[in-house]
Amino acid sequence: MGPTAILLLSCPDQKGIVAEIASFIYQYDGNIVHSDQHTDFETNTFFMRIEWELTGFRISREKIAQAFSFIADKFQMQWRLVFSDEVPRVAIMVSKFDHCLYDLLLKWQSKEIRMEIPLIVSNHEDLRPVAEYYKIPYFCFPVTPETKKSVEEKEIALFQEYKVDTVVLARYMQVLSSEFIAVYPHRIINIHHSFLPAFVGAKPYHQAYARGVKLIGATSHYVTEELDNGPIIVQDVINVSHRDSLSDMINKGKEVEKRVLSRAVKLHVENKVLVFHNKTVVFD
Amino acid sequence: MGPTAILLLSCPDQKGIVAEIASFIYQYDGNIVHSDQHTDFETNTFFMRIEWELTGFRISREKIAQAFSFIADKFQMQWRLVFSDEVPRVAIMVSKFDHCLYDLLLKWQSKEIRMEIPLIVSNHEDLRPVAEYYKIPYFCFPVTPETKKSVEEKEIALFQEYKVDTVVLARYMQVLSSEFIAVYPHRIINIHHSFLPAFVGAKPYHQAYARGVKLIGATSHYVTEELDNGPIIVQDVINVSHRDSLSDMINKGKEVEKRVLSRAVKLHVENKVLVFHNKTVVFD
Amino acid sequence: MGPTAILLLSCPDQKGIVAEIASFIYQYDGNIVHSDQHTDFETNTFFMRIEWELTGFRISREKIAQAFSFIADKFQMQWRLVFSDEVPRVAIMVSKFDHCLYDLLLKWQSKEIRMEIPLIVSNHEDLRPVAEYYKIPYFCFPVTPETKKSVEEKEIALFQEYKVDTVVLARYMQVLSSEFIAVYPHRIINIHHSFLPAFVGAKPYHQAYARGVKLIGATSHYVTEELDNGPIIVQDVINVSHRDSLSDMINKGKEVEKRVLSRAVKLHVENKVLVFHNKTVVFD
Amino acid sequence: MGPTAILLLSCPDQKGIVAEIASFIYQYDGNIVHSDQHTDFETNTFFMRIEWELTGFRISREKIAQAFSFIADKFQMQWRLVFSDEVPRVAIMVSKFDHCLYDLLLKWQSKEIRMEIPLIVSNHEDLRPVAEYYKIPYFCFPVTPETKKSVEEKEIALFQEYKVDTVVLARYMQVLSSEFIAVYPHRIINIHHSFLPAFVGAKPYHQAYARGVKLIGATSHYVTEELDNGPIIVQDVINVSHRDSLSDMINKGKEVEKRVLSRAVKLHVENKVLVFHNKTVVFD
C-alpha cells in the first residue's frame, strides 16, 4: 500500500457529516482504506478517523487541507490532517531505568513502531551506552531545583532544533513545568507505574505493596498540568499475591509498564488517539 | 433513542461505497448513530455495519430495503437490514448443566441481552424447574440414535411454530445433524468448553488435564457441518496450575463458558456479527 | 476423602516450626493432604495452612486444639483450628442488585461453594422472590438514618439466632456501623465495584467514566471501620474503551463483581484466607 | 539473605514425609525460608520444594546430599539438591528473530533472571552484533539436512566445553534430534508461538489467522522427542480480532512469546519446576 492521508476530526454531531466527508474523498477518486467513527451521546460530539490512499487522489497533498477546510468550517470541526509517510519525530526522556527505553528502541528498530528517534535526553549519564549502541544522540542535563528552569529551556531548544513533535517520558523521574507542557499540548506521553487514579505520585509500588492490592498496573497518559491526571491512553494490570515482595512487584510491573507505554506510543504515532475533555478516543 | 435501522453488508471493495451509503441515509434525513467498517485486504472485501434512527427518516421502514437494493446491486453486496425494535426470538437448547442457561436467563431478565426466549428445549427433564420459574415453555425430547431424526424434526417444527430465528446451544450435549444445521445457517450458536482448535470433540477438560496445559478456555461459535469448526465469535481463557484437579478445571471453566456464550449471544442479537469464509467480523 | 482438620496460624518466624507441626501430625498418624506456608521477611512472620485427614488421626477432634495448644504457645502463634465438615453459615445482605446474589446462590446450589445460607437480609423487598425460589428465609429491614441503629441490632440478633459466622455484602448499599463490624471482625466480606484504592466511596463507575480509565474493576475485601479500606481478598478488572457508555461499564462491571465476590467467599469458607496487618495471605 | 540449599523431590505419598524432612533440617539448625508442596491424588504422588539457609546449617554443603540420602531412600524419592549460589549456565540458541533473545539478555543484565549465559549459538549470522554488544561468545553453525548431525555434535561438544546445564531455544527454527535432546533431558526449554496443543508445528500464526481465532498465544515447554508435545511450563494469550492482519498477529504474538519464555526460564533457573508424567509442577 502506498502513502495515505489521515484525517482526524471531532465536531458537534449532526446529520450529513459522513456523507459529506466520504463524498469529498470519492469525488476526487480517493480509496478509503480505514475509517472509524464514534459518537459521544452525552456531549453530542462526533469523532472520526478516516484514511485514504494518496495514490490516484486527484488533489495534491499540499492542497488537501485547503480543499477540506470548507467542509471543516461548515461542521465546526476540530481537525488535523496527516500523511502516513511523514514519520513522527519522537524524543525520549529517561532517567536510570532502561526497560521502557529498550522496548521502544527494539520496536523502533524492528519497525513495529514507525517513528524517528532523533535524540534521547536524560538527567543521568547511565543510559548513554544504550543510546550509543543505537547511534542516537544522547544529551544529559542533571536537574536540580535551581537549574530546572534553565535545563527545561535548553531541552525545548534542543527539541525544536531536532524538529521533535512528540516527547515520550520513558520513566523520566522529573516533573515537567507547566511552561514545558504548554509547548507540547497532548504530545507528551508519560508512563505511570500504577493503574491510575490509584497511587498517584511517588513510589506507587510501595503504596501498592502497603495497601495489599492483588493486582498492580501501569497507565500511559498525556501529560497535563495536574500531576498524573492527564487523558489516559492505555492501561493494563498483572496479578500479584502475598508471595510477591516489593521487589517482585517492581519486576512484574516493569513488564506491564513497557508494554503499556509502547502500545500508547504506537497508537499515538499512528495518529489513532483523539483527546476530548481529558479523555481519549482511541481508534485501535 | 428511538428505533433504528441497522444495515449489515459485505461486498468487493471499491471506491465510493461509503459515500453512496452515507449519502443515501443523509438524503432521506437519516441520523447515523453508529457506523463501523472493515476492509479485508487479503480478499479485497469491504464490510460495514451502519445504524441510523428511524425517527425522521423519510422512507418508511417497509420500503427501506427496496430503496437500498439499488445501491446493493450496484456494489454486488451481500446484505441484510434489521430494525432495533424487532427483538430476536432465541430458542435455548440444554442438557443437564445449568450455568450457561442461568447466565442467559439473568441477562435476558435484566434486559442486558435484548431477546425473547419463546422456549427451552432439552433432552433431559432436569432443568424444567428453572424454565418454570422464569415462565418459559420447556420441551423435553430424549434423544437416542433411533429417535434422533424424528426428534430433530419435531424440534424444527416447534421452532417454526414459535418463530425462532436463533438457536443457542447452552451446553446441549447432542450433535445436530446437517439437516438441522441447514435450517439455521449461521444462526445456531454453540459453546465449546475449550480454546478451539485445541481439544475438539468430547471431554475437552479431560484432554486439557491430561495434556497439562496452564490455561483452559471456552469458544463460542456458529455451528456448521464440521464438528467444532464453525466461525468463532468469542473466546476466552483462565489460568490453571498443577494445583487444579480435573474438577477444579471444570468449575473454573464453567465461569469462562458462561461469559463467553452470553457475550456471543449478545453480539449476535445486536446484529454485530458478520460471517465471512468461516471467520467472523465482530463489530463490538 | 473424609473430613479433615485445618490449622491456620501465624507467628514470629523461627527455626523448627514446620518440624514441630509436621511431627505433631505424624506422631498421631495424621495424613497431610494440603500444606502451604509463607514467610513475610519484612516483619519476620511465619504463616501456615495445613490440612490433614481426621480418619485415622489418633486424637479425637474435640481434643486436637488442646493437644496443639502446647506447640501454639511455644511459638506464640495466633491460630485457629477448623474442620472441613463444619460447613460455614453465611448470611447474605443485599439491596436491589441481584447479580452477585444469584452467582452465590448458583454456586451454593451446585456445591461449588460449600456453605450454608441460613438467611438473606435486605433493606428492600425486591429480591424476596429470589430467596423464596431457593427456599431461604428473607428478612427486610428498611434503613433510614433514624432506624439504622435499631435495625442493625435486630440484624445482629437475627444472625446470632441463625448461628451466622460470616456475613457477605452482595452489593448491600448501606454502610455498616463500627458496632456491627466489631461483632464480625474479618468475617464481613464486601464487594466494591472498583479496583481499590481507586474510586473509593459512592458511584465508582460514574467516577471511572468521568476519569476516562481504560479498565474497570471490582474488589472484594473484609469490612473494617475505614470505608473501602479493609484487607483485600480478590481483585479483577476488565477492559473498557471510549465506546463503553456508563451503562455498558456498569454491565461489564457486574460480570467482574460477581466473579470476584464469589471467588472471595469461596476462599473464605474454605479457610484459605489469613488477615495480617490490613493485608491478606491467600492460600489458593 | 545468604546462600540457600534447595531440595526438589517427588515420591509416593505416605505419612511422615514432611515431618521427616523438616526435622532433618531443624536437627542441623537449618532455617527454612521457602517451602511448597503438592499432592497429586490421582497418582498418589507427593512433591516438594524446600529451601533453607546454608549459613548456620551444621552440615557442610558437600555432605548434605549424603546425609539426606537416607531419608530419600526410605521414601523412594526422586530428588535433586541445588544451591542458590550455583548460578545455572544457560546456552541460548537463536535463528533470526531477536525479541526473545533481547528479553532474556535484558533480564539477565538486570539480574531479574539469575543465570550465566556462556554462549549463544545460531544457524544464522544475523544476531552476532547483539551477542557482541553483550560480550557473549557467538557461534554460528548453518544447518542443512546433510550437516545437521555433525553440527549437533559440535554444538553438544561446545556446550560441554562451556559447562552448559540448560539450553534455551529462543525462537531457534530447527528441530533438534532425539540424540541431542537425550543429552539434556528436561533441560531444553522451547517457546512455541501458539497456545498448545492448538497449532502444533510450522507457522502457527498462519494457522491461527486461517482459523479465525479470537486469541493467540505462546507456550513454553521442555523439549521431548515428540514435537511440541513436551511438559508445558508457562502459557499465555492475547486477544485478537478481525482487525488484526497476519502481521499484526505476529507482532502481538512476539510480546506474548517473550514474556512467556522469560517467565519459564526464570522459573527453571530458580529450580521451581518439577516434571512428572509429561506435566509440570511449578512452585511459583
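Read from first to last, the chains carry the letters A, B, C and D; within each, the first residue is number 1.
As a convention for this text, contacts are C-beta pairs under 8 Å (C-beta built on N, C-alpha and C of every residue); 3 or more make two chains touch, one makes a residue touch a chain.
Computed from a predicted model, the values in this text were never measured in an experiment.
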Shared interface partners, meaning chains that touch chain C and chain D: A, B
Any chance you could name the chains that touch chain A and chain B both? C, D
Rounded to a whole Å, what is the gap between the Cα centroids of chain B and chain D? 42
Chain B-chain C separation of Cα centroids, rounded to whole Å: 37
Listing for chain C: what residues touch at least two other chains? 41, 243
Under the touch definition given earlier, write down the residues of chain D that touch chain C in their complex. 1, 15-16, 18-20, 22-23, 25-27, 29-37, 39, 41
Can you check the complex and tell me which residues of chain A touch chain C? 38, 40-41, 195-199, 211-215, 217, 231-237, 241-243, 245, 278-282
Seen from chain B, its contact residues with chain C in the complex are 98-99, 102, 106, 110, 112, 133, 243, 251, 255, 259, 284
